[in-house]
Amino acid sequence: MDLDLGEDQQAIRDAVGGFLEKEVTPERVRDAEPGGFDAEVWRGLVDLGVAGMGLAESRGGMDGGLLDLALIAEPIGAHLTPAPFVETATVLRLLERVDAGAALADRFAETLASDASVATLALRPARSGTFRLVPAGAVADLVVGLDGDDLVALDAAPPGVGSVPSNLGAAPVSDRDANAGERTVLESGDAARTAFTAALDDWRVLTAGWLSGLADRALAIGVEYATSREQFGVPIGSFQAVSHRLADVSTEVEGARLLYREAAWSADEGLPRMGVLAGAAYLFASETAQKSAEESLHFHGGYGFTLEYDIQLFFRRAKTVALALDAQTPLLHDLAGRILQGSGRDLIGVGGG
Amino acid sequence: MDLDLGEDQQAIRDAVGGFLEKEVTPERVRDAEPGGFDAEVWRGLVDLGVAGMGLAESRGGMDGGLLDLALIAEPIGAHLTPAPFVETATVLRLLERVDAGAALADRFAETLASDASVATLALRPARSGTFRLVPAGAVADLVVGLDGDDLVALDAAPPGVGSVPSNLGAAPVSDRDANAGERTVLESGDAARTAFTAALDDWRVLTAGWLSGLADRALAIGVEYATSREQFGVPIGSFQAVSHRLADVSTEVEGARLLYREAAWSADEGLPRMGVLAGAAYLFASETAQKSAEESLHFHGGYGFTLEYDIQLFFRRAKTVALALDAQTPLLHDLAGRILQGSGRDLIGVGGG
Amino acid sequence: MDFNTGERGELFRREVREFFAEHLTDEVRQRVRETGTVHDWKLHRALGEKGWLAASWPVEYGGQEREASEMAAFYEEAALAGAPFDGLLTTLIIANTIRHVGSDEQKREIIPPILRGEVLVALGYSEPGSGSDVASVRMRAVRDGDEWVIDGEKVFTTLAHESQYVILLTRTDPEVSKHAGLTMFLVPLDLPGIEIRPIHTLGGERTNSTFYAGVRVHDRWRVGEVNGGWDVMGVALTFERTVTGGKETVRLLERFVEWAREATDADGRPRLEEAPVREAIARTAIRNEVSYLLAQRANWVAASGGLPGVEGSQSRLFYTTRFQRTASELMDVIGPEAVLDHNAEGAPASGHIEHAHRHSQVGTIYGGTSEIQRGIIARRGLKLPSAR
Amino acid sequence: MDFNTGERGELFRREVREFFAEHLTDEVRQRVRETGTVHDWKLHRALGEKGWLAASWPVEYGGQEREASEMAAFYEEAALAGAPFDGLLTTLIIANTIRHVGSDEQKREIIPPILRGEVLVALGYSEPGSGSDVASVRMRAVRDGDEWVIDGEKVFTTLAHESQYVILLTRTDPEVSKHAGLTMFLVPLDLPGIEIRPIHTLGGERTNSTFYAGVRVHDRWRVGEVNGGWDVMGVALTFERTVTGGKETVRLLERFVEWAREATDADGRPRLEEAPVREAIARTAIRNEVSYLLAQRANWVAASGGLPGVEGSQSRLFYTTRFQRTASELMDVIGPEAVLDHNAEGAPASGHIEHAHRHSQVGTIYGGTSEIQRGIIARRGLKLPSAR
């Protein structure tokens, strides 16, 4: 057990953190609304090398594992970065994994460097030829998704942020035609479903990292406000009604962070628990991000409700990202199914691989 | 709208309250464990006239409506009274309602007066000829239940408190043979199911009253403890971590009380919303009673965990009575079904009949 | 014991329902949604013509002496119809306050146009530095002969941009304890030195910051005694608590059920058949009924001549916290499309639930935070020792 | 970053699992359940023979220098097996404390028999008037030459009736501030003047009240400085926090899944197919994993040489509150039969879940209430200003 980041991991986190702190200010996040995409920020992440981190070194990437990627998703989420890091990283891992993805990966590596291309995974199978509400669907040049028995990759011009249906979290979602553009079948039949499930699990873990970052920052904003805001002559953070609830949140934020990291680590280790941990990590981070943002917003009093303060940005995105994949109960059932396929004790909380 | 009790209602509550305060002490409640039945207390309630209150005046009762009965169930619950008031009252109302019940009602009225007989409703249809875990089943001389297509009444010798399977709340439950003793078919087919459902609704409302009483008393015990117990030089009730949670509980206790009363009143008024309100009242009172007892127990610190203090008696009965009818989710589904059969707005919270 | 809201209430309910069906057009609703100004002059004047702006008042003051059940029915129907009545609420709080503690001149000048629906009054209590701690206001009012000179800033002055007056809680004596040096003024908003700037909110509603620089107000606009502002505030708060008691959660459940009847899952089955949908309906219905009953109880206490302090706080605490929880849970049940707002085509329930999720966040803050309500319940209701 | 508990940990885990499979008989479990005494001398001595009572200690003190991963595996397996180890826990806290701050004589006299599994030490901190406010103890210890005379009462002196010693927090100077006048003593329980009375609890466990009337203790039993008891307490609490971190919820979920596989509904279908059952499994599994990780984090901080104050509080707060919630929810899913306890035939999961519901209530109290933990997290972790 070693919960410290590796040296390389820390170095990249520092670099990305510096970039985000400087570039991705709350004003920048606001300016990207309602489309939810800032091309310059994305270009910046490409130039830093993190957008394509999951690509093989031979393709100009860093051969980054899921943990490396998730550790970056966390500060990206903390800054509510309007750029499709999670989506692109998910697809690049998939392309690196399936044989039929090699040519696409080669090509994408090029356009990523030249044009800051965007890739994404349609989270739900196509219905009547349409992938509905695809994350980053408005700006993705490459969309991968399950269409019937096939896992397909669509190389097609994105509809642009003008196509984004107005939504709570200003997410650049869009519907995508499952037959548009250049269509490559990556896998078929069971292999397609297996590859799709694995990609979804990657997305879950990276999104859990993103949401953990959001939760942590929302908590920090709440703590800062509670420390400086006075009522009745004392900081409101000195009232148990405030401090004890923030203590609960901080506990859950720590838990969410540990859980996404364990899930990502287990993927890199090739452990069979990965699927269970990915499902658990996404659900717990979703719950935690919402709670953190809600509590923090509430403790702002009337100001929390104004658009001028930043906490509403977190509040709106927490719910939006938590609902990106599915309603809550089906996610629980999916997780229960995986747990019950497993061998009992190892899958329900003893840990230790 | 008039939330004051009627004069008669208040007079009976006062009489019953006086009896309970004097006779049904926590020691008496403890002494009745684990069987959960105190024959003398039951005899006392019979002599006070409240055990048979729901019987017609011609049978020596008071022709009491469901609201009258529920208002008595509340203090009976507050004292955790080890006597089957709710069960007997439920059955007497049923017997008064169905034609085939008249002869049984006559006879029960007599044995109630002479021998303090007990009646009860089997809450779940018979399975393989057995009514499972019947409330007051250990001491009931008359058991009414649904057996296949028939609503049957069984006049049979009770197995006694020795038959009670050891349980959390020392409830005098017992399994009962659906074919034992003298069996009367009260109704058959749809009429049987309708009558059974109506009886279950009565039971739900009376039990909601009982649980509201429990919740209210558990809260009072918690408030009293928090007011007198000092830590760090001040009463613990001065800490927001304690007082705010008790404020939440008190709000819910008021809500539970209003809801069971409205449900009972709507039954007496013959309103179609009665079924929905009964379902809601039981669920909400169950939740509230558990929360009140749990919070109050917690604020007792280590003492709450000892058997010497009374709060554990409340804690154990809250869950036990909440689970007497069914698991929680099926109860929600039952309620949803009733709501959706109704005409929308009238059923979901505008009120006003 | 009787849970009937009474025949008069039901008769009036039908009348009110018909009124809103006629006067509250989709056009109005849309304008409200787009501007965030939760008030409509035409509708407001129509209410005035009906005599309903203060329908509970004595006839001598221009009221109709309607009983509590009728007033409850009025507010319930207004909420169920989604009527924009923020202006009505704040104005009536002040009209009531003036009626009880205002001067005869103030009553003559203010109340008739208010009741005709021609005048709105905004509330100017909160300041950047004072929220739950209302009495800590810093706005200064300094006497200068027959006039007072007011300097300072207020926030959350909702509808100031549509109102003719604002009621201002000011500090007139900084030397004494914080509750003792306050004075209340009713200030015409067209006086020189007043500036209004919009504040946009998470719920889409507009409120305002208002700035007062050397604003000169005649002493006849003072409400109550000099340094007696906290008493006036007490009166005003009483009316605030009894007026509120929303039915937004009922509308929310109605819209959710409508959605569930129409929407289908990937296999074409109505979503109303899904277990989580039905469980959410049951849970919401229970909360709604308890909310309704707690509000009725507070109204009943008021109608019986009592001051529903603890009852009002319990009603408000339960309703607002459950509204938040319900809106969030309903979204969780709906799934990915739940985040689409009213501007998006095909948004579930036309974005109503998504809006409720945002809008409900303010409920646990305005009119006293949930923490303030819990404090009131604990101290006054449960007699627990003062919070530390 | 590495979540492996390490090969040594896994090897030791297997060894421990085999040990309990052999030594922890159903007879022992039943006796523990019936008496409420969560300790078994035979098992305890067997652990002593293995050298596992202080397996993490340096070899020179009789330990095996096992690493953190091994110790975690040990406690996990003990909890998973349902081993009665309350005596082991309290005794090791004191053994550790003595090892750090005790006199050489105390170490020589106490530690060897403790490690052989022949001696237990009970904790005597709490008094009727002091719970969360530990430092407010009133038990007096007055010096009389080489001896101290102790008078007072302790509550929740768990296992005092099986122990050879009790550690007592006493007041030796009532004139100074409450933390400054405390002294700690290790007191043999066979001294004259000591009385032990049982306290029975909701969870079925037995604890005790202990009474001390003119008990004369030699000064050599004093632990730490005179009036330095609060420092000793600080050392002891550190060990308390690192030792705990139960796996009871994992056992709970295992038993629940076992039940759900076997039980059938009215139509004969396995209850494992029911939606609420599966949702409960998923929810519980998530909580269990987070509990595991928070505990591992605290252990890791300790193993890295840190003092896991905030981390320990977070671990404890999360685990204990979720244990309660889970046990209650699982009962709600099971339905009417869930209330049957282990004495009732056909009780679901042999009454294990019903017992957990009762037993879990103490978790948020002992070792510091949840409120104390939240205070520590808020002040030390979040740097929020001191609670009022």
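Chains here go by letter, A, B, C and D, matching the order in which they are written, and residues are numbered from 1 within each.
Everything that follows uses one rule, which is that a contact is a pair of C-beta atoms (placed from the backbone, for glycine too) under 8 Å apart; a residue touches a chain by one contact, two chains touch by 3 or more.
This one's a predicted model, so the numbers in the text were calculated from it and none came from an experiment.
Of all chains, the one whose mean C-alpha position sits at the greatest distance from that of chain A is B. Interface comparison, A-C against B-C: more C-beta pairs in contact at B-C.
Centre-to-centre, using mean CA coordinates, chain B is 39 Å away from chain C. Each chain gets one centre point, the mean of its Cα atoms, and the points for chain C and chain D are 52 Å apart. Distance between chain centres (mean CA atoms), chain A to chain B: 50 Å.
Each of the following residues of chain C touches two or more other chains: 275, 371, 374, 387-388. Looking at chain A, one finds that residues 239-242, 244, 329 touch two or more other chains. Residue ranges of chain B in contact with chain C, taken from their complex: 1-6, 9, 67, 223, 226-227, 234-235, 237-240, 242-244, 246-248, 250-252, 254-256, 258-259, 261-262, 265-266, 269, 276-277, 279-280, 283-284, 329, 332-333, 335-337, 339-340, 344-345, 347-353.
Interface residues of chain C, counted against chain A in their complex, comprise 126, 129-133, 136, 155-156, 199-203, 207, 266, 275-276, 324, 328, 331-347, 354, 357-358, 361-362, 364-366, 369-371, 374, 387. By the touch criterion stated above, chain A contacts chain B in their complex at residues 239-241, 244.
By the touch criterion stated above, chain C contacts chain B in their complex at residues 1-6, 9-10, 13, 68-69, 73, 76, 80, 247, 249-250, 253-254, 257, 272, 275, 278-279, 281-286, 288-294, 296-297, 299-300, 303, 311, 314, 317-318, 371, 373-375, 377-379, 381-388.
The touching residues of chain B, when paired with chain D in their complex, are 123-124, 127, 132-133, 165-169, 171, 230-233, 239, 241-242, 290, 294, 297-298, 301-302, 304-308, 312, 315-316, 319-320, 322-330.
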